[in-house]
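What follows is chain A paired twice: with chain B in the first complex and chain C in the second.
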Partner chain A sequence: MVEQVDNIINKLSGIETTSLTEQHDSNNSDQKFYCDAKNQEQLNDFVDSVRPKLVALVGFPGYGKSTFIGSLYQLLTTNLSYGGYNLVDSDTYVGFERRVFLRRVNNDNTSDTKRNVLGENDILHLKLRSEGDGSYHDILVSDKAGETYSKYISSDRDTETDNVLINADIVVFFVDAEMDSGRLATHNLLVENYESLLTRLKIQQKLLDGLSYIVVYSKIDKVNTDELKKKLSERKKQTCGVFKNIIGRDPESVCDVNSTDLNDNHLEALFCKLIQPKGSYQEQHDLDWVKSEIEKEK
Partner chain B sequence: MTSKELCEAINVNLYIPIHEDVSVQLLNVINTLCPILETNDVHNCIQAFFRKEVCSLYKGKFQTQYKNIYGENLILPNIVFKVLETCQVLALLQSDDVEDDQKTKISLIIRNNAVWRKEDWNGVLCPMWIEKMYTYYPKYGIKDIAGNYNFDSLLQAIVPHNTWNDTDLDINAQKTYNQLRSLCKSVVREQVEDFANTTDFKCLLSPFTQVYLLVSKMVAEWHWKYIDLSPVKMIIAAMGDNVNGCKMLSGIVSDLKKELSGTSIVVPKEKSSVLLLRIHEDMNMELDVRKFSVLEFGVYVYYELLLENYND
Partner chain C sequence: MENKNILLAGLPAAGKSTYVTALWAIEKDGKSNHLLSCDGFPSESSYIDGMRDNWTVFKEVRRTSFAEPQEIILPMKSSRNGKKISLVLPDFKGEVFQRVLDNVVSDDVREWCDKAEGILFMLNIGNTSPDLFQEDLSETTKPKVEPEKAVMTSNDITDAIKNVLLMKFLRIKMGDCPISICFSCWDTMDVGEDINAEQWVKENHPCVYNFVENHFSKHRYFGISAQGVDYTDICEENEDELAEKTTKKERSFVYTDKKSYDITEPIYFIVTQNED
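What follows is the complex of A and B.
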């Protein structure tokens, strides 16, 4: 079984760079499986009329990005409704299924493959329907391997090729709560890594002014004593300060989640924040000419 | 329209942008297509961008033209073609190669097809261009009316020829013309109000049938060519508070068909219409569930009939 998973991962790894005119033709050529995750060069193919909301999950290896997205997918597929939305369709079912599967074998300790492999396709797609007004929303989620961000720290070339962050409507920075609480004695490394990553992204102009971002503390269940909770609370200020100083603004919110607990209410709250629709044209343009003519004459 | 504007309009919808050099080529193709495209092509483009679709016929013509000019095959994401078809229509309205009466027709087709998006403007691309397109009916339509129909036509239409010819009126004086024009407007307004008091009008049970009949008369019989009629004012003058009732399009069509079946009133059947075609044909469409007030329905149908009149 483990071998099979590794085979799938090996087949799926590798990003092809294509030009705008070539990419439409190459949709399926670098995709070894139908409905697998897509790469950033294929982002334009998801645009129908409205550019879908793009959510970038950012974090170093093992920080819980894939676990989070896998859990979300599982909740959407196993519940008729989640956070007031129904899952209608996805162009990347296989990409999601693989993440759910990896999360499961990871929990069972039956696999050494604890995360996505470097260079693996990262773009996942959800088509959701709001139970409130029946409107449809396409959401794209970028879930890159954590090693990608480790490489960004040491290589300008890798950072330059990132097309996701500059286009993201919202960026979610994952922080390993267990690590930040000091339980693993690697708190300083976490802060240093994020400082280096954000500084490099800022220099490369990959973080736009006014960027919306959320800081997510994953694995919050591991912070289970009063002492650790107290330490985490103190260190959160320091860690979030790093984000604020470099990005230049406060996060939209700071959330604690335990992605392995599907009943965690924080998970649903975070999901709702991420899929909140973007502003519409109606607010900015007067397109209903009959309405305008009636108002003018009345 | 500049290549920079086109580039921005395309790139705002893309994650991976196109280069401005590409937009220069795309705009060149658009401009060379302006004198070639027929009314039917333009109609297809307009319908497509309001329905958030790619017009496959236009896409084919664009790709062929691109290959003719640049000798290469052009492959772009569909979203880009949606922007291009919108840009093409605006370019036609701005082009010196297109006659004014053609621009009037195009501007009316735009107004008529906007009904596809009634109360659902989300996801319509290039809204700034669509807003701009709406201004072309007043610019060309009204100008066309004022330019093509002179004193003689106006007076002949309102007053029998032998009546005014024997008077002392100085018909070449602007002041006299303005007075007569004002007089004609009052006459038309009175005609509208009088019609609303006739038994033919009052015996109709549905206000939607009434407003249909009213705007049909306005376009067919009441000299709209000489006077810039405001359908909103006329409908309110004739129907008062009855203009506020709302109904789903399917119900409106059903009312109209029932009441018009025993009369001699014919609903035109033209491809360039949306609501008229729906009344004419027994087909379900996505618009059936949208609600229209009597006034809104009247205004839409007025402009559809106006276009039919231009086409005739």
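What follows is the complex of A and C.
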């Protein structure tokens, strides 16, 4: 068992890619902590004989991406087994910890925009072991700052450098349920923003045909009156319609979640789906997927 | 006599110095009949003698303050086969290991990772609360810190994960070497006799357990009480009784599936793994 992960741990540790010296540049968040989050250029470091599953979390500032991933991390680290898998390692423990920390200090009345600073590393890693057959697999999660996607709306220059979405095995789009069920103007803005984002990504060929995606309505606990629930139900059709029209297919699922409630059944079902190894069809991809993308850029 | 270099590792206040102090105090006369006991005096013992004084009179062993690790060299003998070894343990400041989390690795740590054949990994049970993230989701307990001012430091990393990170670092540097994982302050635990140390770790520290099980093929879990007692519980009425226990070598103990006064067990586990 140990031998199986021996080579991988040495490769993925970050020790080879992170400078283990007496000095570090405190201004460089890449090197501040051991096992911090990685950037998209380091994705290839995770490729061994099998390509890891890549999950992209997409959403605008304050839509609950980091809370969502922080909760998954919390469940995996505080349970011996979750969804049939043991968390045996992560090369980005501190990347997760940073999200948990920021969630902890974030004041409810403050915009979430301070949670993930623009340009901060977004790639998080989980190494899981199946309780069933003892096999290992890796999951990579991209959790970019919401501002990144706000910038994508308006600029080709920003979207064309994104190498995550085109390679993602599944994309999770976040919709702030509180916002979508609130004022009509806010709902309209949300829809317009996603329309613009998806259109630009499509033009830039960053969304694969037949892309697997899930739409997550976060903060569902804030939709707590019959009136709000009714409004959300009606508006969902329009919001989800935007995804379907541009991506060209229905979402795999539309989930209402409260990411701060770890007993939420919908959340659990979604997490269990995300941490499963990818399907065999996805293993046909070129192992040098990101590298080739970067080479193309050059 | 063969040198046995064992890296004594752990974050600040993990109980590293207290453990080596108790080890010296109990085994120095060579009369314990434990798995290992001292076979003569080391040529230099002023560092551990200084700490032993406090341990004997139920005072906190002072935390290591030296920038350099203090190397403790003890000539020891196995009660099983009479084999003699020279046990070498470095007493590092815990902060040296804490800095590994900040990507700062001292030359001494590097050197010890190269030469040690096993790891004696100490965790303070009090610093690894099972309720890792309990505070996270409670609205009422959220600290009111402005996010703009929230700068994360390595101290903000969850205690259990700090230990996993340090283990991961050592695993990469040292390979799949034998490791004894020792939870200190075991006397403060109300574990009872129904559960063994491994089961306790599995239930209370699943992320530590999962990491160890999947990365170290030769490992064993121990509960340890080097102090033997919470010093704040000592009063005039019970001090003599505890001093008596010290004399009988029944103050410090280790716990695997039962209580044992032989605190050399974690070291013995490591030194015998490579003999097989």
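To be clear about the criterion, the second predicted complex is superposed on the first by the 238 of 298 C-alpha atoms of A that agree within 3 Å, B and C clash if a C-alpha of one lies under 4 Å from a C-alpha of the other, contacts with A are read in each partner's own complex, and residues count from 1 in each chain.
Methods note: a residue touches a chain if its C-beta (ideal position, glycine included) is under 8 Å from a C-beta of that chain, and two chains touch if they have at least 3 such contacts.
In this text, all values refer to a predicted model and were calculated from it rather than measured experimentally.
Enquirer: After lining up the shared chain so the two structures overlap, which partner does A:Asn163 touch, if you call chain B first and chain C second: first, second, both or neither?
Expert: first
Enquirer: Quick one: name whichever of chain B and chain C touches more residues of chain A.
Expert: Touched residues of chain A are more numerous for C.
Enquirer: Let me test your reading of the model: by the given contact rule, A:Asp133 touches which partner, first (chain B), second (chain C), both or neither?
Expert: A:Asp133: touches no partner chain.
Enquirer: For A:Phe101, is the partner it touches chain B (first), chain C (second), both, or none of the two (neither)?
Expert: Touch status of A:Phe101: second partner only.
Enquirer: Looking at A:Gln74, would you say it contacts chain B, chain C, both, or neither? Reply first, second, both or neither.
Expert: The second partner, chain C, only.
Enquirer: Return first, second, both or neither, reflecting whether A:Asp226 touches chain B, chain C, both chains, or no partner chain.
Expert: A:Asp226 contacts neither chain B nor chain C.
Enquirer: Using the touch definition from the top, say if A:Asp209 reaches chain B (first), chain C (second), both or neither.
Expert: neither
Enquirer: Name the contact category of A:Val50: first (chain B only), second (chain C only), both, or neither.
Expert: first
Enquirer: Scan A:Leu87 for contacts with chain B and chain C and give back first, second, both or neither.
Expert: second
Enquirer: Is there a shared patch on chain A that both chain B and chain C touch, and which residues make it up?
Expert: 20-24
Enquirer: Looking at the complex, which residues from chain B come into contact with chain A?
Expert: Touch list, chain B to chain A: 12-16, 18, 22, 52, 74-79, 82, 111, 114-115, 117-119, 121-125, 127-128, 130-131, 134, 230, 232-233, 236, 295-296, 299-300.
Enquirer: For chain A, which residues count as touching chain B in their complex?
Expert: Residue list for chain A touching chain B: 20-25, 40-41, 43-51, 54, 135, 163, 167, 280-282, 284-291, 293-294, 296-298.
Enquirer: Touching residues of chain C toward chain A in the complex: what are they?
Expert: Answer in residue numbers: 100-107, 132-133, 135-137, 139, 142-148, 150, 152, 154, 156-158, 160-161, 164-165, 168-169, 171-173, 175-176, 202-203, 206-207, 209-211, 213-217.
Enquirer: Chain C touches which residues of chain A in the complex?
Expert: So the residues of chain A in touch with chain C come to 1-3, 5-6, 9-10, 13, 15, 18-24, 31-35, 70, 74, 76-80, 86-89, 93-94, 97-98, 100-108, 110, 114-115, 129, 260-262.
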